Every structure is written in C-alpha cells, then in structure tokens.
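I'd like to ask you about the structure that follows.
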C-alpha cells in the first residue's frame, strides 16, 4: 500500500560515510568542490575534460556583482544577523524565471528540440523552426542577446572554446549557435548567444536535465552570496540603502511634501 | 550626510566582467569552483596547498544523506515545482544553529581564544580553561563528540592529515585537539574532535572569520540540495512522506479513532 | 534619468504612523487583523459585508493540517531554532503552483474571461468555451474537483452562501459555478467547484487582481505555520520524522541490506 | 521504539474539516482572521475582550513602510515573478533578532522575571534588578526607547489603554512600565516603553509563550509584504533600486573612475 522510501545519495554508519557509492574520506584531498558537485549530480566522478567544462560553467554563475539577489541578502542580514542561512536563502529566492531561469530555458529548448532527433538531423532546420516559432509568438528566444554585454558576450566564446577543446562541443552547442544565427535573421537584429545560452547548451552536452540547470545557477550563486555577506559584515551597506529608499519613497506623503 | 555605497566583489562593462579584480574570462577553464569560492572569500586565488585544504573542508559539507534539510527541500518542491530555488532555499533554512552552526561555534571558540594570544601562548592552558568554562556552564563544547560517528569521526583524522600535509596545521588545529583532550578529561567521557570541529579549526588556519564559517556549510549544502531535488524529480518521495505523516499525526482525532 | 521611488503604503514621523492614509493609532482597537489586511490591499477599510466575506475566504486558507508546508517548517525549526522566521519562510515556500496557485489560477481564468465582457455577456457560453478549451488541451480546470472532499467540498457552499448573503455574489461566482457544470458535462465526470475555486471567484468579486490571490493563501498560511511551530516547540515531531525517513531511505544501501 | 506522530491542529474527511476541534465551515462568516489566529495559537475562540486586544497587537505589526524586508521582497519578485511566495518568504527572513525579535525579547524578559513570582511579588524590585543587570552588562533593555518615535511611541499608550479597557492589563504590563522607569533612572536618559515592549507585555498577558512572540510579527508582516508586492506589480521600484545601487557601489572599480 505504501511506497518504499529510497534515496541513493548518501548514508553513513559509525565509521563510514558514503556519497553516491564513494567513500567520502577517500575522496577528501583528491576531489575538488566542483568535481564533487558533478559526482552528486551524475553519480560518477568527472573525467578531466568534463571537470574543466563543468567547473567553467558553474564558475561563470557565482558572482554577478551587486544584483537584486545580493542586495536582498544584505538587507535580510541587517534584520536577522543570527541567521546567515536566511540571508543566503533570501538572495537565492531571486534566482527565478528572470535570472536563474534563462540557462534552464535555453537547455529546455535545446533538449526538447533534439529529444527525438536522429543522428543526421538537420540542425539548421531545427534552429530555423525555433526562431520562427518564437517570432510568431512574439517571444524572445532564451539564451540570446544581452542588455549589457553587446555586441558579444565575452563569456560565450570562452565557454564554447573550453567545451570544444575538451571534446564536449556537440549538437547542443551547434544548435544553440544556429538558433542565434536564425533568430538574428528572423528578428532582424543581432542576437548573439549569451552566457546563459552557452551554459544551457554545454550543460546539455553534459547530459544534465534541463530542469536541473536552474540548480547550477542556484548552487553557484550561494557561494557568491556568502561572499557578499562577508563583505556586508565588514563594511555594511544595508542600513544606508534602507534609509535612502525609505526616505525617498515616502517623501510625497509626508507633511509639507508638496 | 549619506554614506557612499561600495562593493569590491565584481563589476562589468560591455566587454569585460571582473570578479575580485580578476578578469572572469581569463579564469574560466583554469579555476575550479572551489578555488573560485576561495577567491570570492579571500580576494586572491589559493595556493596549491590552500586549494587542497579548502576544497576538502567544503566537500565534507555537501552531502549528509536524508537530513531534515533534504526532506524539507523535497516537500517544498512538491508544492512549488515552478521554483527550484525556493526548494533549495527551504532546505538551506535548516542549516542554522543546530546544524550549520557547529563549525561556526568551533571556529568562534578558537578564534576568540587566540585573538590576543602571544606566539608562545600555552595552548594546553587555553584548552583547559575552555573545557572548564563549558563544564561550569553545563554546556557542550562545540566541535566535540558525535551521536553517530563513535568513537572517532573518520573525517577528522583525514582532514587534519590533509591540513598537515599541506602546511596548514597550526595553532588552531593544535588547540582544537587539546580542547578535545581536556574536555574528555573534565567531562569524564570520550569527546573526540568531530568533523565540524576539524572544519572550524582548519577554516581558522585559512583565516576565514568565524562568522563566515556557517556560510561554508550553506554554500556546500546548496550543491547537495540540488542533487536531492534532481533525485526527487526522477523518483519522488515527498507525496508518500506527506501522506504517511498526515495520516498518522491526525489519526487520534478522527471519528472512531479511540 | 532616474525614476523617482514612491510607495503609498505607509510612513511615519516622531509622533505619527500612517498606513494607507489612515492614522494607525486611531485604527487600533477598532480594526481587526483581517480588515486591516483588506485596507492594505484595497486602500480602504472594508464595508461590513466586505469584511465578512474577505475574512471568510482568508480564514479558509489558514490551516490544512499536516501539509508538506507544515512538515517542512517543523523540520527547518529543528535545525535552526534561533530563527522562527526561517521556519515559517520554509513552510511558505511550498505554497506554489500546486498548492497556493490554485485559487490564483481560478481567479486568473475568471478575470481573463470577463475582462472584455459586456454587462449582458452570456456566461454559460463563456463557461462552455473554457471547459472545451481545457478538454482540448487535456488540462484540468482550476478550481474544480478535489481528491478528498467528494462529491462536494463543504467549504464551497458555505463560502458562496456567505458571498450571496452579503451582496458579493455576482458574475464571477456565477461563471465559476457554470464552469463547474460545463466541465462536468465535457469531461464526463462530476467536477464540482472546490474551495480554491470559490475563493478565486469571491476574491474576483472583491476586485482583487488574480496575481495577488496566491498572496491571500500565503498570508493566511503564515498564521497556520506559526501555530504548527508552537506545537512543535511543545511536542516536537521533527526528529522522529527525520530518523524514520533517513533509516528507511538508505536501508537498501547499508551493509547487509540485500 | 518509535514515537507516535501526533498533531492537534487540524484534520479532514470527505465531508468535514476540523481545526482545533471546531468545524471550519461553522466558523466561516462568524470568525475573523485575527480571531482565527487566536484560535490556532490558544486552542479556543477569544472572548470579545481578548479579540480586541489580540487584533490590536497584531495590526500594529503589519505595516512599517519601506523596511529592509519590504525592499528585499520587491527585489526578489523582480528576479522570480513566478513565485510570489518566494518574495514574501525573502521579506520574512529579515524579521529576525533585530526586527521581529524585539517583542520576543521583551516577552522573554517579562515571562522569565515572573515565572516564579508569588502573587504579592514586588514588581518594582524586579524592574530595578532587570535595569541594573542590563546596565552592568552594558546591554540595552528590550522594549524600551525608539530611534524615531521620541520622546514617546504613540502606539504604546494606545495599546496599553486598549489592554486596560479590556481587563487585560496585569502584572506583565505593570512590570514593563516599571522596567521603563527604572531603566530611565539607571541609564540616565529617557527610555519609554516602545511598541514592541507593549506588544511583548500584552502578549504575555494573553499567555502567549515568549518563543511564539516573534511569530506574531512574522504572521502580521506576511500581510504587509503581500501588499508591498501588489504595489510592486502595479508600480515597480525594484529595477530602479538595483540599477542605482549597482552603479554606485561599483563606480570606484570602473575604468577611469579615479
């Protein structure tokens, strides 16, 4: 009647801790944090090439400066200094559809397109159909264009280069590039692949399911948020931000404000 | 009148992204996720030795099996599948005083003890005073003992060994060990250093402020939680957990239950 | 160049606190928490009829027993007892598309349908089209059916009755009922309006935008979660839940488990 | 061996929903949201006097203008518009030791002081000892003084008046007032009871455990945060806040900035 509960991630006894089938203690000192993340997600230690590529895409997602997430984390820490975990959580909660979701959307698009594709599929035809569909629905294509990094996102070429050097540039990367070309044509403006498009494509090469891609951004950004909170402890900004915004946003209501 | 807002973590222009003074694109492919986390926290790329030690302590914190955090994350995902970041955040919120806080408490104890200590300080005297203080206040000593990993935590010896091999076993590690010895004597039972005690001591050797140590657990566990959510997507447990707990916990209230 | 920041919700000076244009101190002792919530959302104190109806729909959302949200909040409190707010937040994070989202989805459907409708619109025709659309897309209709409360949800009749007695049963309620009838016909099985369908319809009568309807569930459930945490403090369940789930879910991996 | 899981808050069957022993459907239309919150916490419907007093203290906690919590919630919504619950959760996470904790701290102080007190206890002696202890430890006294509402917090007199009119001003309120007098004397400056001191005292009169008092702030503020998010949907501020803070905080790092 009841389903048996079962998880393969880890277990421990008095003298042993096992993660994904590996003795944790034997991995310590040999396996880096990024490689351990790969092990957690894929169930095996990465090859040297996979390690370089996986670490590159996650490193890209760690730090984006003073983002809404970083500001929210700092404001939260001001009110709840007892709970660093709460401030990190508050920051991560902003990694949603608009921010964390873009690599996921790109991977979703690519994985859907190729899920049924034969080895000799015409990738340009796929790209063309994707671009036309988005144009018809008046929707932007995930993974293309960037408000700041124009005309090209410097991370894209580097990430695609790293993938190629390590034998991990295949059909997903090809399709992502072609989608950029076709969308630029169909929308009539330059729409190069941005960093999240590159990450979505490369994560697909690593056979990471698209639903998990947002998680890559979340795990990486947790690191960046801890660094922001360390800086906030040393040189706090939150009280000043609060004071300015509170004053300005209510000034029209205060007596004598008109 | 107003304070200038200032952060040194990162910034970008159309063609450049700079993190902690380093060009991000130049680091990609060369710097692993763990080393990048070190850079974020310390403002410089780690030495080879620091890298091995820092990665070892963070890897230790990634995966502890089906913890309350992992269960909470899975239950949250059941109700809000649109928001993976919310499920990770829910899991991280349990990394507080009882779980994430133990490495922080150990580091706090060690850093406080040695903050004023001269180079020739008598570490055993410090350890003895710490043990006696805790005994007098009837408080357990942070970083000692473990409910499961008895008599010794297999991670402790390994982590201390890695620190020593890499020249990062100094006064904090010595003091932590001595605190274990003195507390065992004073409390009259075996209180070996556990994994969080080792991590608190080694993080102190790396000059990571104790307030940030909880953050090491938080950033590492974010990785583990994404892996739990990936498994939950493939083989969901949350609905079964809910159903069992709901039925059992209300059975005494239902008609005909007595 | 920059936009002026402006909020109309509240402000204060040394001797005055103003919320939505009302002196807070004058409202104290006269205005209930539910009516104050109405004031916050609508910018005016409710009429007696609006008060009864608004309080009824929010009360319905407070407590649903041992839900995934309540369990997640309790597990979070176990790990972070210093941060009650974190445990409530963890519980609320599960109020997403699957749980908190259903009243929102119903309100969305109703408000979209009637956004362009003339006063003499044929509501049954609207309902019929909605049911047919969902059938064609093989999608369940928001606000209809319930896994437990069958054949009728006892809350629905009561809420619709309260709305009618207070002059707040109009086109949205009529349309919701007709959608239930038409969907039952089209899908070929009994699909009565459930509690979230009733809440979505009545919130629409109160002219609450559909995007805010999930917020009604969130604010109400925050109350219920505090009550769960109070019970958890007095009679804790979380450690037992953890222990059982951890043991069972890893038993297949442990030595001698075959 | 295993403990039985048991919760008394609520349960349901096909045709009945019971909360704290009351049939939910019978309460609808009669019980306000605030009274239902009282029922959840206390296990019984409030008297008319308790209702007025409980609603007054929770209403006081709903809306404090553009606080760090409100700003964090708005910034989170910008990044994750799919998840209103995440934005509310992010805002609540700031209701910690510094904000939500002050009513808790006041209630803790009062409940500890009177936990062993006989009916004829000398409240001024208690107050004097509390003030002296805080002075000796160089700690501010919870519930006294306010950075903005000086010399007196307009909410305090009103809340104490409401409590007195409703027969709920007893020893906790008396002690809180005396603590204010004694602390003013000992610290040598005016330290009147502030709103959180009044709330902590009145919650104690209602026999709400001090550990739950932070929860009163959390549940009330959830309402205020939903109102902020509704305003943010209509008239967004978050992108402007982000843009200003990002520009200013990185300006010293950008080329040509010196």
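Going by the order they are written in, the chains are A, B, C and D; count residues from 1 in each one.
Assume a contact is a pair of C-beta atoms (placed from the backbone, for glycine too) under 8 Å apart; a residue touches a chain by one contact, two chains touch by 3 or more.
Bear in mind the structure is a predicted one, so any value in this text is a computation, not a measurement.
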**OP:** Please decide if copies chain A and chain D contact each other with the same set of residue positions, more than half shared, or with different positions, and reply same or different.
**Re:** same
Original post:
Is the number of contacting C-beta pairs greater for A-C or for B-C?
Top reply: B-C
Original post:
Based on CA centres, what chain would you say lies at the far end from chain B?
Top reply: C
**OP:** Let me have the rounded angstrom distance from the C-alpha centre of chain C over to the C-alpha centre of chain D, please.
**Re:** 23
Subject >> Rounded Å distance between chain B and chain C, as computed from the means of their C-alpha atoms >> reply: 36
Original post:
Using mean CA coordinates as chain centres, what's the chain A-chain C distance in Å?
Top reply: 31
Original post:
Which residues does chain A have that touch at least 2 chains other than itself?
Top reply: 5-8, 10-11, 13, 65-66, 80, 82-83, 85-86, 89-90, 93-97, 100, 237, 241, 245, 249-250
Original post:
What residues on chain D touch chain C, complex-wise?
Top reply: 2-3, 5-17, 19-20, 24-25, 27-29, 31-37, 40-41, 51-52, 55-56, 58-60, 62-66, 70, 82-86, 88-90, 92-97, 100, 148-150, 152, 154-155, 158-159, 161-162, 165, 209, 211-212, 214-216, 218-220, 222-224, 226-231, 233, 235, 237, 240-241, 243-244
Original post:
Touching chain A in the complex: which residues of chain C?
Top reply: 4-8, 10-11, 13, 18, 80, 82-83, 85-86, 89, 93, 245, 248-250, 252-255
Subject >> Of all residues in chain B, those that touch chain C in their complex >> reply: 65-69, 71-72, 75-76, 78-83, 86-87, 89-90, 93-101, 237-238, 241-242, 245-246, 249-250
